[in-house]
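First chain A sits with chain B, and in the next complex the same chain sits with chain C.
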Partner chain A sequence: MNVLELDALAVDLLVEGRLSRVIHEVTLNVAESQAVGLVGESGAGKSMTSRAVMRLLPAGAVIHGDIRFWGRSVLAMDTGQLRAFRLRDAAMIFQDPRAHINPVRTIGDFLTEALLERGESRHRADAIVSGLLSAVGITDAARRMRQYPHELSGGLLQRVMIAAALAIEPKLLLADEPTTALDVTTQSDVMVNLGTQRRERRLAMLFITHDLELAAAVCDRIAVMYAGYLVEDSPAASLHAEALHPYTAGLLASRPSPSARSRRLAAIPGRPLSAFEAGDGCVFASRCPFAVDRCRAERPMLREFASGRVACHRVEEIRGRLSAVASGTAAYE
Partner chain B sequence: MSATAAPVLAPPPAAGARRGRRRSTLLRDPVAVAAGLFILGLVAVAVLAPWIAPYSPSAGSILSGNEGISSAHWLGTDSFGRDLLSRLIFGARLSLLGPALIIAISTLVGATLAIAAAWIGGWPDQVVSRVADILFAFPGLIFAMIAVSMFGAGLIAPVIALSISYTPYLMRVVRAAAIQQRALPYVSACYVEGLPAWKICLRHLLPNVAPILLVQATLSFGYALVDLAAISYLGLGVQPPAAEWGLMVSEGQSSILAGHPQESLAAGVMIILTVVAFNLLGDRLASRQGMELA
Partner chain C sequence: MSDKAADVVPALQVERLRKVFPIRGARRDAPAEVSAGPGLLGRGLITRRRGTRPGASAELVAVDDVSFAVPPGRSLAVVGESGSGKTTVARMIVGLERPTQGRILVAGRERSWRHVSSRERRRRAREVQIIFQDPYSSLDPRQTVRKCLDEALRLHFDWNGDRRNARVEELLEQVGLARRQADTLPRALSGGQRQRVAIARALACEPRVLVCDEAVASLDVSIQAQVLNLMSDIRDVTGVTYLFISHDLAVVRQVSDDVIVMRTGHVVESGPTEQVLESPQHPYTKRLLAAIPRPGWRPTAISDAAESTGPAA
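Moving on to the complex of A and B:
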């Protein structure tokens, strides 16, 4: 059974007094102990998708479709059930730990708060938390718990945030760019740690990032979003070998490669579309080198193809050419 | 923020960020230390009055009235022959108790309303803010006089009236700070943790607005003390023979013309020193917070 099911999820946000759709019909499942990467550019709707799961959307937002946790609709929960869901079932790791931890309370207060809220004794909560701190690679747990957030580095603070997320023993972890605010060496430490903890606890994870490489390294499956649409959903292993959507191929082509020294960094031409700018056709048509008239007139549906799912009319025809694009041997334009 | 004497917020104080440093710089600030020690000393004197006052505040013979400074009566006596120093010492009790009650009530009510209004937003916030606007339009003294005319003179009526008129000042400042805090990401992180709203307010918002609350309460204490003294001076507050500074200024008035200014002078100086101490302390606390007093 799937831990998380997004069923034709669509989100409308209030933009200048009007409802604008920022997420379109996203259907995605995360199975037990599976990690799914949600990849896309800024504004593609990745974070909004994860916030929708937690029902943490700005005032006036309207959610269509359904979000299910172990088959239970998150959208139908009342306040008390929602609180229990957040307190026990799902945890979120935010991008910027310094902003998401109350500056005037100690690390220990922050970590034990949810446990105390669940009725654990102070003594037991402290024991659980100091165990977790060493699990995420923080030595000297007792001292750290007495410190304030400003006394810790960004990397340490992000580990604290991960420990806080694990403390409630959730079934589902939503990681919203957990390493983006960290420098590269710290980033890999934190990711390795998060990966280990996740596998040990058989957690389902929705990992949000704009870094396709990173997602491919830590996730079982990758879902690619563009302008509020899910354009591809493939096993992480096959994504590298064969991207199904021209956008994914473009993303793969635009990563810097140490082997191709003199080559100019490839970029996808044009600018990313906002979710509510899309016309009738495929959202990627204006930047896609393979676009034909049909792409501009008719929106492709997400459909099963090969080992994954893709939203592209021409995937059968261009299949061979895409891998050349992705590996950088063929020009993108 | 149009309120008189309302601290204007500079960038949101990252409260804990300089916790350790802030405490030590405040202790290294001679003005803040002096003001703080003066206030602490005053509180000690008020509490210990029966043990340190040389005479009873109400005992005296009219035959020894309006005496000058002597070794028996360090500050002389009033027109009823009561020892002025003892009356000043006992007067500290009522003179500090009144403002303390006012600040306690208006801080409790103001902060509660402010955080609730900031949290809930929408029309409840509008209602609370507009009621505060209306209260701003009433001078506290007039309000207190109305209360006295309805409920009689004494300590209680003016204290309740001034508590009501000081609440909007506390409320406005705390509400502005709470609205800022509310929008910060750590609050949504609390949501995601599954904390109920009242716990987020009490454990997270309140500690983050507490420094601002402290500044406003300290400053208001001085103003409340002056207001209460004025009410006593007008004869609407505590009644003779009680010892209270505002009352002493008023009682000593008739002796001034007779060439014995010591009673009004001594009580007036105590009022001024106390208010200045609270203002200076509030001001220094505010500058620790990066606040500027408008």
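Moving on to the complex of A and C:
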């Protein structure tokens, strides 16, 4: 059974008094114990998708389609149900822990707030929280709980954020670039803790990141977004060997490698489009070296292909070339 | 760093560079951890008050005994994580911070003397230019691209308007901006385009040394590749010497010939980039490399225990 189902999710935001669509018909499921990486560049709509799940969109936003948690529509929830959903079922981890943890309350206050709100005793809440802090790799929990956010480093604070998310024993974790602001060694530590906790608790996770390599390493499936559209959804294990969408192949090829210097990086030409800039055809057509007239005229639908789903007219023809591009053995052209 | 370059005057040389920041206003009985921010004391950066500097109760040694030389036309990367002192090194070389000790030489000429004429300061500025990380805050929001480049040219060269205009066109061409973008304000440009403007502005002075402080870190992956390619083209054409400050070893591999790895103000390893990244000797370099996500990578707990849990009070 799927913990989270996005069913033709579309989001309109109020921009200068007009509604403009920033997410287009995203259909995506996350099963129990499964981690799905939602990958894309700035403006692709990945954060907006995760915020839509929590119904944390800006005022005036309109959501189309449906979002279901264990088969129950999140969009149909009334205020009380939504509050319960956020307090018990789904938790979110943000990129910048310093901006999301109250600076004038202690770490202990922050961590126990939701538990006390749920009616746990102070004594029990403290016990749960200090157990969680050790679980995410923070020793001397008692001292940390008396400290304030400014006394902790970014890596520690992000672990506190993860502990806070786990404290409510959610079934669904939405992690929005949780390690982007951290040093690489700290990122590795945080990902270990997050992975262990997720597996032990059979959590479903939507992991939002711009880092395709990181997502491929820690997730089961990768969903790639571009300009508000889902363009590919593939098993993480097969991503490097067989990227299905030209954009995914381009992303893999354009990232430099620490183990080899390429004479020239295979840069995707042009810049990432915003959702409202998309024309009639494929959103990626203007930057795609494989685009033909049909791509510019007719928008490809996301369809089942090989072991995943892809929105590309030409995937059958260019499959072999994409693999060569992604592995760096062919130029991106 | 390479043998054949030993007899050439380095484009950039620093000798025993040291930078100490006093930490003012901290209570003497308070743990330095509280006054100086998290983690610093445990990492050996903070020393308690030793000297007699008024108001300073602790010192932060940001850079300690850093020396290197970059031959003309080569590219050196300084890598390290936050708090390693890499940005402080860059800021001292550009002249935004004053070294506590040590010497900085550009093309054999010392630039760490303090009291100099404005003409000398301009000459120094022309020699070394910097590209900052965030192109959203490094450009004047009310200045068009053309004005921005023209200003740099007017300040440093005694040229007439026509010649400056021609040079602006040439610079735009060189960094891959369209001519119509010359008359736009930064807000009309994307992050990648802004970074191209910052590069053009730096190139306008025809510097010997171009310091790039995380210059591609905030760009989207596809744009990052374009800008990295552009930087390599510029080196081919102008022969400029690069100093790359970066936390990203993949970027470092792509852009640098030599690398120094810094940690808590010290150099822990240095050498040709290929050699350092392929057979790292220092445990810290190994840890940095092991932490990079790549196909088949599994995250492991690799920070040492003292760091992962922060300093003990």
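Note that the second predicted complex is superposed on the first by the 331 of 333 C-alpha atoms of A that agree within 3 Å, B and C clash if a C-alpha of one lies under 4 Å from a C-alpha of the other, contacts with A are read in each partner's own complex, and residues count from 1 in each chain.
The rule is simple: contacts are C-beta pairs under 8 Å (C-beta built on N, C-alpha and C of every residue); 3 or more make two chains touch, one makes a residue touch a chain.
Here the structure is a predicted model, which means the values were calculated and not measured.
Novice: Return fit or clash for chain B versus chain C, each positioned on chain A through the superposition.
Specialist: Once chain A is superposed (C-alpha atoms), there is room for both chain B and chain C without a clash.
Novice: Per the contact definition in the header, classify A:140: touching chain B only (first), chain C only (second), both, or neither.
Specialist: Touch partner of A:140: chain C, not chain B.
Novice: Who touches more of chain A, chain B or chain C?
Specialist: Touching more of chain A: C.
Novice: By the touch definition at the top of the document, which applies to A:150: first (chain B), second (chain C), both, or neither?
Specialist: It touches chain B and chain C both.
Novice: Of the two partner chains, chain B (first) and chain C (second), which one does A:91 touch, if any: first, second, both, or neither?
Specialist: Touch partner of A:91: chain B, not chain C.
Novice: Kindly classify A:180 by the partners it touches after superposition: chain B alone (first), chain C alone (second), both, or neither?
Specialist: So A:180 meets neither chain B nor chain C here.
Novice: Applying the touch criterion given at the start, work out whether A:103 contacts chain B, chain C, both or neither, answering first, second, both or neither.
Specialist: A:103 contacts chain B only, not chain C.
Novice: Looking at the overlay, what does A:212 touch: chain B (first), chain C (second), both, or neither?
Specialist: A:212 sits against chain C, while chain B stays out of touch.
Novice: Mind working out whether A:114 is in touch with chain B, chain C, both or neither, as first, second, both or neither?
Specialist: Touch partner of A:114: chain B, not chain C.
Novice: I'd like to know which partner A:56 touches here: chain B for first, chain C for second, both or neither.
Specialist: first
Novice: In the overlaid three-chain picture, which partner chain does A:307 touch, first (chain B) or second (chain C), both, or neither?
Specialist: The answer is neither, since A:307 touches no partner chain.
Novice: Report the closest approach of chain B and chain C over their C-alpha atoms in the superposed model, as a whole number of Å.
Specialist: Least C-alpha distance: 7 Å.
Novice: Share the list of chain A residues that count as touching for chain B in one structure and for chain C in the other.
Specialist: Touching chain B in the first complex and chain C in the second, residues 150 of chain A appear in both lists.
Novice: Across the complex, what residues on chain C touch chain A?
Specialist: 33-34, 37-39, 81-82, 190-193, 220-226, 228-229, 232, 247, 249-254, 273-274, 277-278, 287-303, 307-310, 312-313
Novice: Would you pull the chain B residues touching chain A in the complex into a rising list?
Specialist: Those in contact with chain A are residues 14-17, 19, 184-186, 188-196, 199, 203-204, 207-208.
Novice: So in the complex, the part of chain A that touches chain C is made up of which residues?
Specialist: Checking each residue of chain A against chain C gives 41-42, 137-140, 143, 150-156, 183-189, 191-192, 195, 210-214, 216-218, 240, 250-251, 254-262, 264-269, 271-272, 287.
Novice: Considering the complex alone, what residue numbers of chain A touch chain B?
Specialist: Touching chain B: residues 54, 56, 83-88, 91-92, 94, 96, 99-105, 113-114, 117, 148-150, 164, 168 of chain A.
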